[in-house]
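Next come two complexes built around chain A: one with chain B, the other with chain C.
And now, the complex of A and B:
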């Protein structure tokens, strides 16, 4: 099907989410602002997706996310070329393809937006993985800018007082780092305001995600993958809160009018791990053609999972716990418990797990998670071996057979 | 009701015809370059061997990698469900099935009704598949069909440690150069596939009785190796290679 008759397909048109246009505008404006920061005297900081961004917003520093860049590269199918470039630069194919693609982009201003805005500083939090440490060191050397590393110990079980103290002390250093690099005193009052907005944004985002509790669901995880952009990049701002309010209204309206994401939703599925960015359209069409809607996922919900630990009245004090106990920094058992809760909550018929070649922390425990799901929930599961950006790790006909077979199992239950 | 199952694999195309639950005929040929032509020809040939006319056929189910290219089929079902149905047809007691195909190997656990409860497939590469065996047979200059018999003579299987088909092939070549006995190399190759398949199937928790389907089931050496690795007897049907097609024809009977 060509793009042309896609957009003229009235059924597709009806199911299209209208707010998306507004989000595109916000994102474009944001990237323009970041790209022209030098002229406006603003500072740009690159930050990891799980890093504490609120202090940056409070200090008027524009946050830029190399991982979001990675996702864009994947979605625009530029991943293979850039990964190959990184290999030529001497990086191993076993590295995370977000890192490979981003590192390869920097010297050539490559990728879909002609390279990321140049950073004035880098903020790296290892609560998501260890890859980011080396990735940010490479970029700090390349751009010759200061790097701040926030080390968050893994919380296999619980969260100790010592861990909290350890992270809090580093956060204090983080504030100093920002003072040094902006030449301004850290604004603690403003941080509390930003914290409130961040929490509100997360609540709104979760409310949007929860509209999929409706049967049929007004949106799918594939929609969430797109609309996620703001809670990742601009959480802590008013425009994010406003946008999700608008999106929530649209979803509520869709429920009222019986507009579903998938034309004949018969099966509801849960997705685990980061999207296969270069194949989201294909996967979305594939599942829809089998009357299956991916109603929830562990990935997009992790940006609201943080709110559990936020203290609205003392944001700064709760920052340490909030950013240490995020989804990828907890034990496999707790992750599996989370999956079981979601299975129950969203009432799904099966679970699709993306074994993501790039992301070890996300994929490592998946066979255990799979076993736990089968034992505790008795649901069929499907493991798809693929990648977020590097298409060389995707075999369409094999994956199609797995999906078909999985759906035959789901349907026969 | 007359139904036909067509199984288009990456190496061979198979067809089976059923009248209710009576098997009326089967046919096997190479898939060759064009899956469409192979499907049409296997369809015609299975009609010829069973003495039916096209117009008598009520429903056709296609399966296997080329299932979507069989334009005349009424429905496409994956080989996972079809092999399960086929195995259940020849022995209703069977609870687990292993199928080593040309491009991939799969294991499934099935219900007393022959439905797939759970399945696993090898990951993207060719390790542990029929294609792996084919490449090795060529490196050893042995007829694919003879691998099984040859390996039974071995008393000290060689070690093939590479999972990658290309690397394993060079391992085989260097074993040949070192003068390792052919039967030991073949047995080593079977052990390597066996280990792969067991690693995949192990996650499922296979239940006895276990049946192996697909063309590779004709390889006795590999079957013995699997029995040893899995620790349970492996049943083989005389129809092993066409069980996917038979299963497809059976599923067609439900329409």
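And now, the complex of A and C:
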């Protein structure tokens, strides 16, 4: 089906989320600002998706997210070519395809937006994985710019007081690092303001996600994958808060008018792990054709999961705990408990787990989570072995057959 | 070689070939705990201070069956192999396991192990990843203190600062002995084969440390008298990578006309590197060694530290080339490879990458590649 056919389909047109246009505008403006930073004298910092971005916003540094870049590369199906280029540079095919694609982009300004703007500094927080550490080391060598590493110890079974102290002391170093690299005093008052906006943005984002509690749901996880961009990249800004207010209004309106994401929602599913970016439309259509709506996912909700530890009145003091106890930086059993809670909350009929070979912290342990779901929630599960960016790790016919079989089980209950 | 020395080597080989059987026997005889651990950053000195036996876990290479229900095929053979061993009861002599924070795979293995292994205690020592700052060193010392408290609880034995100091003294001597053997091998490459060296270092991670130290001391002293043995004339190579638990590899390399005279691997020189300063607070001193020793790529101690270290090894041991030996799916090493390879290439140092999997045969293609590489030197 071509895009033209798509837009002329009145049913599809009705279900299209109208706010998306506005988000595109905000994101375009953001990338233009970042790409022209040299002319405006603003500094650019590359930062990991789980890293504390609020101090950057407070210091007027433009944050740029290589992982978001990876997602764009995947969605625009440029992943295989770039991963192959990284292989020619000597990187193993088994490495994270976000990292591979981004590393290959840098020297050739490749990818859908002609490469990311050159960084003035790199900020790497390892709360999501150890891969980002290696990835940022590569880029620090390539661009020859300062690298700040925020080391957030994994909370297997708890958050120790030693770890808290360790992260707090590093955050003080982080502020100094920003002072050195911007030539300005750190603005702590501004940080508190940004912190409030960050929290407000997260609350609004969660409110948007919670509109899927409605039956039928006005949006799906596939929509959330798209609208997630702002809470990741522009967390802590007013425009993010405003945008999600607008999106929330649209969703509320849809609920009122009975407009659902999936035409005949009969089954509600939960998604685990990062999207398969190059196949989101195919997967969305596939599940919709079987009357299934993916109403929630563990991925997009992790940017509001941080709220638990934020202290509205002392943002700076709560930063250490907020950024150390994020979703991926905890034990598999705690992650499984979260899945069980979501199963309950969103009242789903089954769970789809993406075993993502690019992301070991997210994926290793999923087999146990799958077993726990079956035992504790008694729900059918589907494990899809795939990848976020590299299409060579996706077998369409095999996965389609497995989805059909899984949905038969879901339907038979 | 002197018969006495050959006998000692034989002893090491027997233990290294079947360390589980050794540990079982040790436990029965001593009635003391055997404490399993993953990775060379595990605070062995504190474990030894319990009186128990610190036992480094490697995958034994048996076919993966049970671990398949817990770990994806894209996890490395160490992680899958260790899981298979514990689920199949081959580590049932362990009283508990210690997981130092290492890489993403071992991090998740710790969770999966805690949920499924069914052994006694389970301890995580969440060490810093960033090692090149004072703050990290402080945190390292704090983690070690906490670890002492937790291990005391788990084993039910008091662990005093003094007992850790004497354990550290044993390790200092062990590492000193091993470093001397490394130095001897750089001088004379025919005295101790690569597979024998592996057996010896493995024993320093799995055998009763006092017994290992006695044997090693005797061995090292004996070696002094052998120094005038003729050198092999083989190409001098350095092995760089993660862990190596395959004695056959050294034999293949030696058959191809090369000899490993030094290494940067975690079952080799990275385990042996550095000394604990016994005159200071023992936790600070341990932390100091752990942040300064030759670094694993899963940790950060500077952007070029690992490359510089390897270049230094090549120069100081006058090596003809480098063989990178990586476990398939070991991300930290695979990320470092291109930049380190470039450093070698820029200096005209020949190098070869070999990737190993559970099922990798050491014969065939592997042998052909080694032969071609050595021939080219």
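One rule holds in what follows: the second predicted complex is superposed on the first by the 413 of 413 C-alpha atoms of A that agree within 3 Å, B and C clash if a C-alpha of one lies under 4 Å from a C-alpha of the other, contacts with A are read in each partner's own complex, and residues count from 1 in each chain.
Please note the rule applied: contacts are C-beta pairs under 8 Å (C-beta built on N, C-alpha and C of every residue); 3 or more make two chains touch, one makes a residue touch a chain.
These numbers come from a predicted model, not from an experiment.
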{"item": "Contacts of A:77 with chain B and chain C, given as first, second, both or neither", "value": "neither"}
{"item": "Most chain A residues touched (candidates chain B, chain C)", "value": "C"}
{"item": "First, second, both or neither for A:266, with chain B first and chain C second", "value": "neither"}
{"item": "Contacts of A:129 with chain B and chain C, given as first, second, both or neither", "value": "second"}
{"item": "Touched partner set for A:157, first chain B, second chain C, both or neither", "value": "second"}
{"item": "Which of chain B and chain C A:345 touches, first, second, both or neither", "value": "neither"}
{"item": "Contacts of A:367 with chain B and chain C, given as first, second, both or neither", "value": "both"}
{"item": "Which of chain B and chain C A:409 touches, first, second, both or neither", "value": "first"}
{"item": "Partner chain in contact with A:89 - chain B first, chain C second, else both or neither", "value": "second"}
{"item": "Overlap of the chain B and chain C footprints on chain A, listed as residue numbers", "value": "367, 371, 385"}
{"item": "In the complex with chain C, residue positions of chain A that touch it", "value": "89-92, 94-96, 99, 126, 129-131, 133-135, 137-138, 140-141, 147, 149, 151, 153-154, 156-157, 160, 162-163, 165-166, 169-170, 173, 331-333, 355, 357, 360-361, 363-368, 371, 385"}
{"item": "Chain A residues touching chain B - in the complex, by the definition given at the top", "value": "367, 370-371, 374, 380, 385, 393, 395, 397-398, 401-402, 404-405, 408-409, 412"}
{"item": "Chain A-touching residues of chain C, taken from the complex the two chains share", "value": "69-72, 74-75, 79, 101, 103-105, 107-112, 114-116, 124, 126, 128-130, 133, 135-136, 138-139, 142-143, 146, 297-298, 300, 303-304, 328-329, 331-332, 334-339, 341, 355"}
{"item": "Partner chain A, residues of chain B touching it in the complex", "value": "65, 76-81, 103-104, 115-119, 121, 123-124, 203"}
